[in-house]
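Please read through the structure below; I'll follow up with questions.
The first chain written gets the first letter, and so on, giving A, B, C, D, E and F; residue counts start at 1 in each chain.
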Amino acid sequence: MSGPVALPHPRTWHALVSLAIEEDVGSGDVTSSLVISPDAAGRAVVEARESSIVCGLPIAEAVFREVDPSLSFESLHAEGTRATPGQPLAVISGSMRGILTAERTALNFLMRLCGIATFTRSFVDAVAGTSCKIVDTRKTLPGWRVLDKYAAAVGGAHNHRFGLSDGILLKDNHIAAAGGVVAAVKTAISGAPANLRVQVEVESPSDARAAIEAGAEFLLLDNWSSEDTARAVPELREHALLESSGGIHLGNVRDYAEAGVARISIGALTHSAPAADIALEIEQMDTLGGVTG
Amino acid sequence: MSGPVALPHPRTWHALVSLAIEEDVGSGDVTSSLVISPDAAGRAVVEARESSIVCGLPIAEAVFREVDPSLSFESLHAEGTRATPGQPLAVISGSMRGILTAERTALNFLMRLCGIATFTRSFVDAVAGTSCKIVDTRKTLPGWRVLDKYAAAVGGAHNHRFGLSDGILLKDNHIAAAGGVVAAVKTAISGAPANLRVQVEVESPSDARAAIEAGAEFLLLDNWSSEDTARAVPELREHALLESSGGIHLGNVRDYAEAGVARISIGALTHSAPAADIALEIEQMDTLGGVTG
Amino acid sequence: MSGPVALPHPRTWHALVSLAIEEDVGSGDVTSSLVISPDAAGRAVVEARESSIVCGLPIAEAVFREVDPSLSFESLHAEGTRATPGQPLAVISGSMRGILTAERTALNFLMRLCGIATFTRSFVDAVAGTSCKIVDTRKTLPGWRVLDKYAAAVGGAHNHRFGLSDGILLKDNHIAAAGGVVAAVKTAISGAPANLRVQVEVESPSDARAAIEAGAEFLLLDNWSSEDTARAVPELREHALLESSGGIHLGNVRDYAEAGVARISIGALTHSAPAADIALEIEQMDTLGGVTG
Amino acid sequence: MSGPVALPHPRTWHALVSLAIEEDVGSGDVTSSLVISPDAAGRAVVEARESSIVCGLPIAEAVFREVDPSLSFESLHAEGTRATPGQPLAVISGSMRGILTAERTALNFLMRLCGIATFTRSFVDAVAGTSCKIVDTRKTLPGWRVLDKYAAAVGGAHNHRFGLSDGILLKDNHIAAAGGVVAAVKTAISGAPANLRVQVEVESPSDARAAIEAGAEFLLLDNWSSEDTARAVPELREHALLESSGGIHLGNVRDYAEAGVARISIGALTHSAPAADIALEIEQMDTLGGVTG
Amino acid sequence: MSGPVALPHPRTWHALVSLAIEEDVGSGDVTSSLVISPDAAGRAVVEARESSIVCGLPIAEAVFREVDPSLSFESLHAEGTRATPGQPLAVISGSMRGILTAERTALNFLMRLCGIATFTRSFVDAVAGTSCKIVDTRKTLPGWRVLDKYAAAVGGAHNHRFGLSDGILLKDNHIAAAGGVVAAVKTAISGAPANLRVQVEVESPSDARAAIEAGAEFLLLDNWSSEDTARAVPELREHALLESSGGIHLGNVRDYAEAGVARISIGALTHSAPAADIALEIEQMDTLGGVTG
Amino acid sequence: MSGPVALPHPRTWHALVSLAIEEDVGSGDVTSSLVISPDAAGRAVVEARESSIVCGLPIAEAVFREVDPSLSFESLHAEGTRATPGQPLAVISGSMRGILTAERTALNFLMRLCGIATFTRSFVDAVAGTSCKIVDTRKTLPGWRVLDKYAAAVGGAHNHRFGLSDGILLKDNHIAAAGGVVAAVKTAISGAPANLRVQVEVESPSDARAAIEAGAEFLLLDNWSSEDTARAVPELREHALLESSGGIHLGNVRDYAEAGVARISIGALTHSAPAADIALEIEQMDTLGGVTG
């Protein structure tokens, strides 16, 4: 839907938050225990150091709250909006020990999620004005499927199938194993669960026509040049939903969109988005005298 | 030690393998069930599509074996060696359904791990001939601490502390909270567990001298220019182990190394390494007629 | 596919096996420890006491093997075949303690799975000769989704969507919330992931026609009489895939099938199948003298 | 005790609630996300469509609350009371998305638990006026031991041992392994933990007498006709607690009760109770215009 | 039974083994990685440094095998036998890194389990020649219930109930809450599951007589002096099974046994047994040159 | 730090609390269900029966709250303070069933934790007035590493490394494997992570001198007599931090402290501390009439 992207249920990502705290904090934050008084309190801000699409603040909040339930966390930016360099994204108040112990883990989440959202947004912006949708893939990081796809959606992408059980995509190896595109498509369509639509990867216009003849309604034009794509689309889109993939980057994504495909899927959104530069600054400390023990 | 990097115990990463399979395969691979005969067998190779440092083959093997214990997996490259474009990294033989179901998850692991190792190696090569070590950080992906650090080590980096419980690093906020660098260092050294050495982040040469006077043996020169570093190192390294961090990239890393610091730590090794381009190709299928059932 | 139904990966049901053993065996089988010598060995058969479709032997095997890895288990019947009363389904050999401790848990699995498969088969047989498919639903027992659907498939049913994330079904409440069937269908089709097909529950022929006009290709005729169904099908099936549900039992299922719908979905397959009568008999004991220790 | 049956501690069943949500909702409810506005709120009632003993409302509440903690849930019936057809059992208010996403899972729990309680109550009613107790068995569904036994208790049954570790029952195979009923009973009684009482399965009156002579205080008359039972009870119950089992159904259960046994155990209570017909109806929706986002 | 004590199923203790390795080894054994070559192999013996009852070798084996599945482990002593000072209990061969990494965790298990078994045996020996049984309690260490009770059994004790669900013991507070011993006993006996026998804690002979009158068959004489016990036993044991507890130690345990009670339960067996002194010695190393890498 | 010892994060010990309740309570507290009315309420106190250092009240509170979230728990003693015999440590109010069900588990935690803290304090007191620190070891109970070390710290000890990954200790076997103390120390120091300090176990003064020459700054004088220690310390402590271990007990610990070592590590703190005698007394019951239901 065109409304705000719904945050995935914490059930689907909370284990990752716990694991992240476990691996970073382990048996305890030795440094903070040594030099920060248990009574020290303060206020910190999370801020963007470069222009970024904001994504992941509720997950960061969960990190701070799991490390120290007494911390307060206030989001200053809605998910999916753009933060300018230096803009504060959230304010955390409470125990200094809690803030400093949670800092790195919370930032590690934000750097990846804002990174994906920002990178995705650049693709979405590049095709602005066309009706083409940017779509993510299954090239997500192990353990991060739900969050990676959330960040892509926050960036403006549409989500492709979540995994192998909620979508059918006949790729080259399936087609070869089935004895050719016609046989593969017919077998898949006749046996497919009625709730799933069959998508077929095609290598050439003639391959595409064969798939359509066999009943395919949804094609993946994999590794086609934008020129080949532009030539074939007018005919093919009469019969099937078209998606391009392979070798598409910011420099040529608009060519594909203008060629008229309905969707462009890009693995790099989730496997190669650079981390966003996000930092935490302490704004105020109420007990500056150090350890009082 | 200078020998081969030891693979972390499967206990420390096997849950991530299971989670990755769970999130990608879910209740089953619908496509393969539709068009691949349960009897179809074949052989596939994993290959590098660009020059890469090989890393993660034992994890990829675990993915294939967990999806289908009857698959055989043969590594053709040692971890840490360089593969040229097109070179096969491993051969997998057995059930086509098993191979195709596991493919994406295995590749998602390899793309990240080879990506980190390859990116790290470029930093290690850039300082070759100096005695400076490249060191990783805690800016790893949540859930990936052990594997990210393994990949950095395979790439040639040295591992910094794993988390907050096995190292002491006084950062700016700790120092402020403790009432200044002298107070912070003294408090930390007197209270620190004897098995841990205290590292202190310093902002300037005078700050560094104060830390040393207070007893510090290990300094982090954070966000110093390479020129400032070069000027201060000769004096400081008489008294403490020196590490540079902040704003260091492939274009300037050698300047820091030549400035004489013992270590350079780089967060980008694990937060922003681009994915390596790794693919799986089917080389042979023994049952090409498709579904027989 | 039309071949044998693939057993779901143990990953998807093994936790249920462990949980079942945990809740039945707990800290140990006190009775067997008291009166069965640790050295006693024997052979037992699992047998059907009434005509049943066999389903679940690999799960039963997993129960015996988890309780005692040294037990051997030989299946005598293929999944999906019919066993006559008194026919042995499997033979287990080894430690008497192991066999008796695992007995109840293994039988509890078999009684349900054979029960579902047998009940489902009776529906499949009732529509034999028509092209209508029997389909299961989400009315499975909590914790049993994968196994319940496996048993329905072994019985001859086709599987509907596994859950809320891999299928779209607009039911009465969704339609009301969206402001009517036309609005609901249009909203859903325009926003749906391309890999999923939208199914619409319709209450009447005019409702069905409105859904089709709005673009629906897949309808659920919920709680229609077989007469109403027969009257409407010839027109509707030109435009959409048709599925009947609601109030359908063995006594009237053929009427619906002959009315010409493509699918009939039946919740009772998994929520009300009676347990099959399956028992374990000891055929031979090698140490009859009881406890020797 | 004769008071209300205590709800088992959530610790013992909450994992099943989470698992059930996980398997039904997975990565999200696609349909609701498409057509229900995140702002839509409403009120729904859970109602019985046939006469049922109410059981499981606290578990249903937990389902709704875990899917969406902001939902309110009000029970309108006490556990163990009878609901007439059409009677509302509970009212749920709040987000429409939350209500619709949780609906199926909550109903799947209620249909089984009310089903068991209702079926059990029919047996309890059938022996009303006698002093005979209806008792459940270990023939519960894997994963459901605690909830199945709770539902049986709510229906009016007494719980037999929970598993193999909290009760001793010498069955035919134990007796054969021990070298006969006398040896088995003597071995068991002398070795049994003092907190557990030994129960012995006997096949005939002479078998029963031998068991009593050997010291047995608690017998299971397995697969005896009600006539044989009636003849033997007057003598046997002077010496032991008597329980009947095997081949007992609603048509003959009173015969056994009137024969004078203290307990009748019935596996069908938990392995073959038909699901109760329970449904959820939306009573009111506050935002009928559909998606606003 | 009087035979060897059965090892609890690994299912009941393996999680503790994994947890123990996790907490000791964490992300890896830094010391061994630094100075032990991955190729170094050797042989080590586990030996008792003082006279001890051997207990826990299969658990120690599981530790070594989980740390390094290639290690071989040979037990040289049967569980429950006595080892003299310096006697080897087991031999482990294989990778030196594996042996040294697992050493501490394996020894921590053995020290406790041999400690409990040895301490228990001293009580069993102290009552030798009487018919009195030594019995353990629920005063075990959290997480160790199954293993603590196994060690007590290996030492010669009988196991009391495992927990609150498999035994009924009316203690002072239950009796007070129920309105006195007679009311408590009557309520408990009439409501108790038939498989469980009711035990009643009594403070004095008159209390004991009241309990017996109310139907109690099993008494706990808590905190009685041995003299009081000796005076009351001849009468009471005609009517009930008698167990002493409270204030009983090696110096007076025989007095209680000779007073004629059937059982003596002792919490100290599991809450205060001193650790046995067990060590691991390296007998042979095949690669003494250290790190070769 | 010299302030109060920080309670480890519940994340690090809560699983043990859950496990402990699971193993003691299992499917329910049969006794309390039989004789305590669900409406009975009361107040109980936890009290020390002998002089003890208080430790573990927050863990006990977590036990009571997990068994019954409606219970209130008020601590009357700060962790680390000394309770005299009979002194109340905490008051619990609420449901009698909840209090009695949780009692044993809560006490099992307190008996161990107070036991360790009390035993540790006796060592700390024995070296009072010297600058020597008492230090714990890795000889903790499997599953209890974090809590055992917390209790030792509450008793006044300093914590040694938590496990093999956060400290380097070259023991005899490492030294032998590395080819002698000089080679071992040099290898370790050159390869060690900069955040960890290398500790070396030495057998004699000459061994110690060799280690120091090789660069060691931190020595473990293992199994030295106090006389040998006293003779060697004046020279050695000029060059290294000194720790004694092995064969040290309350009777000789002060000799070692006065010999001038900085630290004394004692495994018995956590492997052989006797349980503290802690009990729960019901002070008031509001419903004395027993079961009303």
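The criterion applied here is as follows: a contact is a pair of C-beta atoms (placed from the backbone, for glycine too) under 8 Å apart; a residue touches a chain by one contact, two chains touch by 3 or more.
None of the values given here were measured: they were computed from a predicted structure.
Engineer: So which chain is farthest from chain D, going by the mean of the CA atoms in each chain?
Structural biologist: Between chain D and every other chain, the largest centroid distance is to B.
Engineer: If contact pairs are compared by residue number, which of D-F, A-B or C-D agrees with B-E in over half of them?
Structural biologist: Duplicate interface of B-E: D-F.
Engineer: Which integer distance in Å separates the CA centroid of chain B from that of chain D?
Structural biologist: Going by mean C-alpha positions, chain B sits 52 Å from chain D.
Engineer: Taking each chain's centre as the mean position of its Cα atoms, how many Å separate chain C from chain E?
Structural biologist: Distance between chain centres: 45 Å.
Engineer: Per the centroid of Cα atoms for each chain, what is the distance between chain D and chain E, given in Å?
Structural biologist: Roughly 35 Å, centre to centre.
Engineer: For chain D, write out the residues touching at least two other chains, lowest number first.
Structural biologist: As it turns out, chain D has residues touching two or more other chains at 1-2, 25-28, 34, 37, 145-146, 162, 165-169, 187, 191, 193, 196, 291.
Engineer: Taking the complex as given, what residues does chain C use to touch chain A?
Structural biologist: Its residues touching chain A are 1-2, 158-162, 165-169, 187, 191, 193-197, 199, 218, 241, 243, 263.
Engineer: In the complex, go through chain F and note every residue touching chain A.
Structural biologist: Residue list for chain F touching chain A: 1-4, 6, 8-9, 11-12, 145-146, 162, 166.
Engineer: Given the complex with chain F, which residues does chain A contribute to the contact?
Structural biologist: 18, 21-22, 25-28, 33-34, 37-38, 66-67, 291-293
Engineer: Considering the complex alone, what residue numbers of chain C touch chain D?
Structural biologist: The contact residues of chain C facing chain D are 16-17, 19-20, 23-32, 34-37, 40, 96, 100-101, 104-105, 107-109, 111-112, 138-146, 162-171, 173-179, 183-184, 187-188, 191-193, 196, 268, 271-272, 274-275, 282, 285, 287-291.
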